[in-house]
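Handing you a structure now.
Lettered A, B, C and D in written order, each chain numbered from 1.
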Amino acid sequence: MTPLSGAARPEALEGAAKFTVRDLDFYYGDFHALTGMNIDVRENSVTAFIGPSGCGKSTFLRCLNRMNDLIPGTRIDGTITLDGEDIYGPGVDPVDLRRRVGMIFQQPNPFPMSIYDNVAFGPRLHGIKKKEELDQIVEQALMRANLWKEVKDIMERGGLTLSGGQQQRLCIARVLAVQPDVLLMDEPCSAIDPTSVQKVEDLMAELKSSVTIIIVTHNMQQAARVSDETAFFLQERQGEPAELIEFGRTAEIFTSPHDRRTEDYITGRFG
Amino acid sequence: MGKRWANRIALGVLWLCGITTVLVLGAVILYVFVRGIGQITPEFILTRPYGVNAEGGIGPTIVATIYVTGLAMLITTPIAVLAAVYLAEYAVQGRLVNAIRFAADTLASVPSIVMGLFGFAFFVEAMGLGFSVLSGALALSFLMLPIVMRATEEAIRAVPRFIRWGSYGLGASKWQTVSRIVLPSALPRILTGLILAMGRAVGETAVVIFTMGQAINMPFTPLDSGRSMTVHLYTLAMEGINMDAAYGTALLLMVMILFFNLSARWLTARNRKVKE
Amino acid sequence: MAALVLALTLTGCSGGVERREVVVTGSTTLLPITEVSGEMYAEHNEGVSILVSGMGSSAGIESVSTGSSDIGTSSRELKDAEFELGLEDTPVAYDAIAVIVHPDNPVSELSTMEVRAIFSGVITNWQEVGGPDLPIGLVNRDEASGTREAFSKIIMDDAQFDRGAVVLPGTGQVRSVIADIKGAVGYISLGFVTDDVKAVSIDGVEASEESVVAGTYPVQRVLHFFTKGEVSDVAADYIEYVLSPDVQDTIVREAGFIPITAKDGSGE
Amino acid sequence: MSEPLKTEKAASSSGLKMMSRATYFREAALKNIFLLCAVLAVAAVGLIFVFTMARGWEVVKDPGLAAFLGGTEWSSSLGRFGILPLINGTIAVTLGALLLGAPLAIGTAVFLSEIASPRMRSIVRPAVEMLAGVPSVVFGFFGLVMIRPVVAELTGGMGFGTLTASVILAVMIVPTIATLTEDALGSVPPGIREASYAMGATTWQTIYKVLLPAAKIGIIDATILGMGRAIGETMAVVMVAGNAPQFFKGLGAPIATITSQIVIDMSYATGTHKTALFGLAIILFLISMGLVALVRALSRLNTKKA
């Protein structure tokens, strides 16, 4: 059992750790972006990452499914394990990792194809070709994403014809169709209308029984509403790496934070 | 007062510039159209020239033009598109990429006469392909390569990043993302680039005159020689033997080029509509 | 190496007699004869194709000597160096070169010396040859032209063409420019002279078919077919066809040349 | 205090898959195929250079570098292959084209980007694009039958020569310069325009004092590339230049350029003559490569400044 270093000392919580991050440092070329990250993300819970803009939340999130690999010149120190396995271990296929750790982005990004093809894209990618099987997966995924009723009669329409909120749920359905263990959501609600935000938040509550959810959000009320645990990130000075300041039960972070800086942020002293 | 007048005059001059450009194009098109339209008959398009004054039609030159352009397209497209995929999706900024871009820019600006001489020295003579459609197509493909490459690269770069992320986020590999998401999304713009490059090839003279030959011949195999419409027009105009046929050929050439241009525009417009 | 490459460039390199293809390369002056007679010959003989290209007399001689072509056409005599190539000569027509001016130009007779002085840039105004006070606009052919070569040899002797002359690579162009511009002068094959331009008499001899056949018109030449070694049956048959009245009295005449057979005819 | 937890999970997912060798090799192979295609562009340029070089380098032996680069006479019948008259002709024709074409093109670009209503723009811009697509023989043909007689009237000559060639080339380089200039103007931040208008500047003052200076490097680049187009243009020039390899003698006098001389001579050149033509091609190649390098250097300067 490695003793934890750094500021993040989550309380002991129930449930197995899905992600375990130890001593993570992250670099964009020469720029040291993140330092000393330690965190355990529990299975079947919702974890929220909060903090001011540019504090590395999204960067950290993207370490968890190795999306940062796509940016040339990035480098990582420390370990991240998923179910105890090092996801940066030698020979690990980031492609397979991303199938298991799905991701939802700030901007809804349906592919320029029909609703059906959007959802079927992932399963097809992974070798499912039979029509009945695909139909079933698509229907289930759309149902889980609470979109089925709205689109079941217009499956052949382009994904881009849907409203912003529907598009975001389509993206969630698209991810669910490949049956990920984890869902990373990078500010999923900042580009959609309030009614749709409600729907997406409800959806998260329903999904967490089967999927571990990590959400990056700017909206503290949202973090308080949807998450079980909250991590607060901060880059204290320009040019220095961002740190994980505090991590714990959401209720505690919002009511009695241990760290002054967390308190300052939550009570609104930072942007 | 002076300021207002200066402004008016200057703007007037700028208007004039814009209008002049349109008028020049209009004059070229109109002139060629008026003088050439009387020539355009099915016979002119289908039959071959005969006699001292190259009377009759220009059929073989149309076939040779389409043949060499099509073949050049077949050669260029895969290479240019894949090269653009490399530049847009795989390449890491560095010396190699710099060299590739510099080479592409240079290739794009090499005068076509140089391309013609090179094609003659390399394809016609050194490779022993002779004056042939194949030599012409290979030389033309050098000309089209940078055009298609640039259009494709821009098209690929115009595909929003987050759409790629969506695909990667689902566990698609790089190639799966490129082939199933990026290229299909970029397709209309790639096609536009291809069409414009084809227009360029159809209108090219200096390259084909030294690689495909000048003999009027209906080419069947890629190793046959032929005379393109542009070379035919050049010959007719310079020999001054059958100016009517020259006008007809010029008109047909313009019609082909306009067709390529308009279909490219149509494609772009349609694509824009679909996106909205 | 160069010869090998050249030999590969054209199809007619295999030398078999079974070939149904005749490659004819050379003078653009002969194109009206070769192209049209080639078409007609191919029409009469199924499966035969006559591939004609006009690349200049020198290129024609070079390509027949390397075996790239079956027949090399030339509007000039062989140069000394080319005699060693062992080519066989078949004259096919006469071509006379007319010096042409704008129809409204009052000058209608020039001496060889005057023509030479005009084309070398010594005489620059029509006044100097008895015409109006009008600057002379020189129109020359490109150096690939057999007509230029012949004109240079017959008229210019050692004098150099004026470098400031407009160079046009086609007979028709020369004619239409001179038809258009008052002070212009140029030269084209007699066969291409039309009413748009006026052919001047040279040394007192009118530029006409009769004077050419009679041998009195000074600016004339013979058009040749050159072959090398054993000629394929098709090629030999084609040459025979070109010399037949079918071609000589129709195509050659229509092209404005004078049939090679005209001389014998006039002698009868 | 939490500790890393045991991985008791395995039922739902069977752990991370190692990347299969097949996948790895496929992706790597594809990447290398793409790279190969991209490198082909470099190879193409190299090939062009090497082959024109191979055929043309012997000009240093015969007629000799000095006679080639410094010779004042181009005459195949005399065996003299001095390129100075051709360079002179190319410069004359290109300068003429730039003088006529660049202002028109830049004016058109400014019109498109700053003045034209969307409706006007939808007429002018396609016209510019289509102008770029008109084959050079058609331009040459148009110049031959339309411009030449007019120039003949004006200059009292035959109409073949520098002026006619310049006019045709000017039209041909308009699309190149106009499109690139419009791009350059488009990349001037809109805030600059607004600031200028807000200070009470007229449209023309904004264009002249703010936009053109801001887009200066882009416009210079555009003009250089237009110049490259004019230098390299062949067929249109052959048809109207008169092709007399002599030094510039006036706007109406015939002239030959590097490119036109190649076309005129290529059909019959042999031996040294042909070598000299490839020598001309090398020079054209080097000029165009030099211009591209110049443009790249300028834009690098531009990004650095910005």
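Details
Basically, contacts are C-beta pairs under 8 Å (C-beta built on N, C-alpha and C of every residue); 3 or more make two chains touch, one makes a residue touch a chain.
These numbers come from a predicted model, not from an experiment.
Fewest steps needed to get from subunit A to subunit C, stepping only to touching chains, is 2.
Any chain touching subunit A that also touches subunit B appears here: D.
Taking the mean of C-alpha positions as each chain's centre, the chain lying farthest from the centre of subunit D is A. Taking the mean of all protein C-alpha atoms as the reference point, the chain centroid lying nearest to it belongs to B. The pair with more inter-chain C-beta contacts, choosing from B-D and A-D, is B-D.
In terms of their C-alpha centroids, the spacing between subunit B and subunit D amounts to 15 Å. A separation of 49 Å divides the Cα centre of subunit A from that of subunit D. Centre to centre, using the average C-alpha position, subunit C and subunit D are separated by 39 Å.
Work out the mean CA point of subunit B and of subunit C, and you get 37 Å between them.
Residue positions of subunit A with contacts to 2 or more other chains are 95-97, 100. In subunit C, the residues that reach two or more other chains under the touch definition are 55, 168-169.
Multi-chain contact residues of subunit D, defined as those touching 2 or more other chains: 23, 238. Of all possible chain pairs, those that touch are A-B, A-D, B-C, B-D, C-D.
Those residues of subunit B that touch subunit A in the complex are listed here as 92-93, 160, 162-163, 165-173, 176, 180-181, 184-185, 274-275. Here subunit B touches subunit C in the complex through residues 50-52, 124-126, 128, 130-131, 213-217, 225, 235, 237-243, going by the rule given at the top. Partner subunit D is touched in their complex by these residues of subunit B: 3-4, 6-7, 10-11, 13-22, 24-28, 31-32, 78-80, 82-83, 85-87, 89-91, 99-100, 102-107, 109-115, 117-118, 120-122, 126, 142, 145-146, 149, 173-175, 196, 199-200, 202-206, 209-210, 230, 233-234, 237-238, 243, 246, 250, 253-254, 257-258, 260-261, 265. Interface residues of subunit D, counted against subunit C in their complex, comprise 73, 75-78, 149, 152, 156-161, 238, 242-246, 249, 253-254, 256, 264-265, 267-268, 270. Against subunit B, the residues of subunit C that register as touching in their complex are 5-6, 8-11, 32, 35-36, 39, 51-55, 168-176, 254-255.
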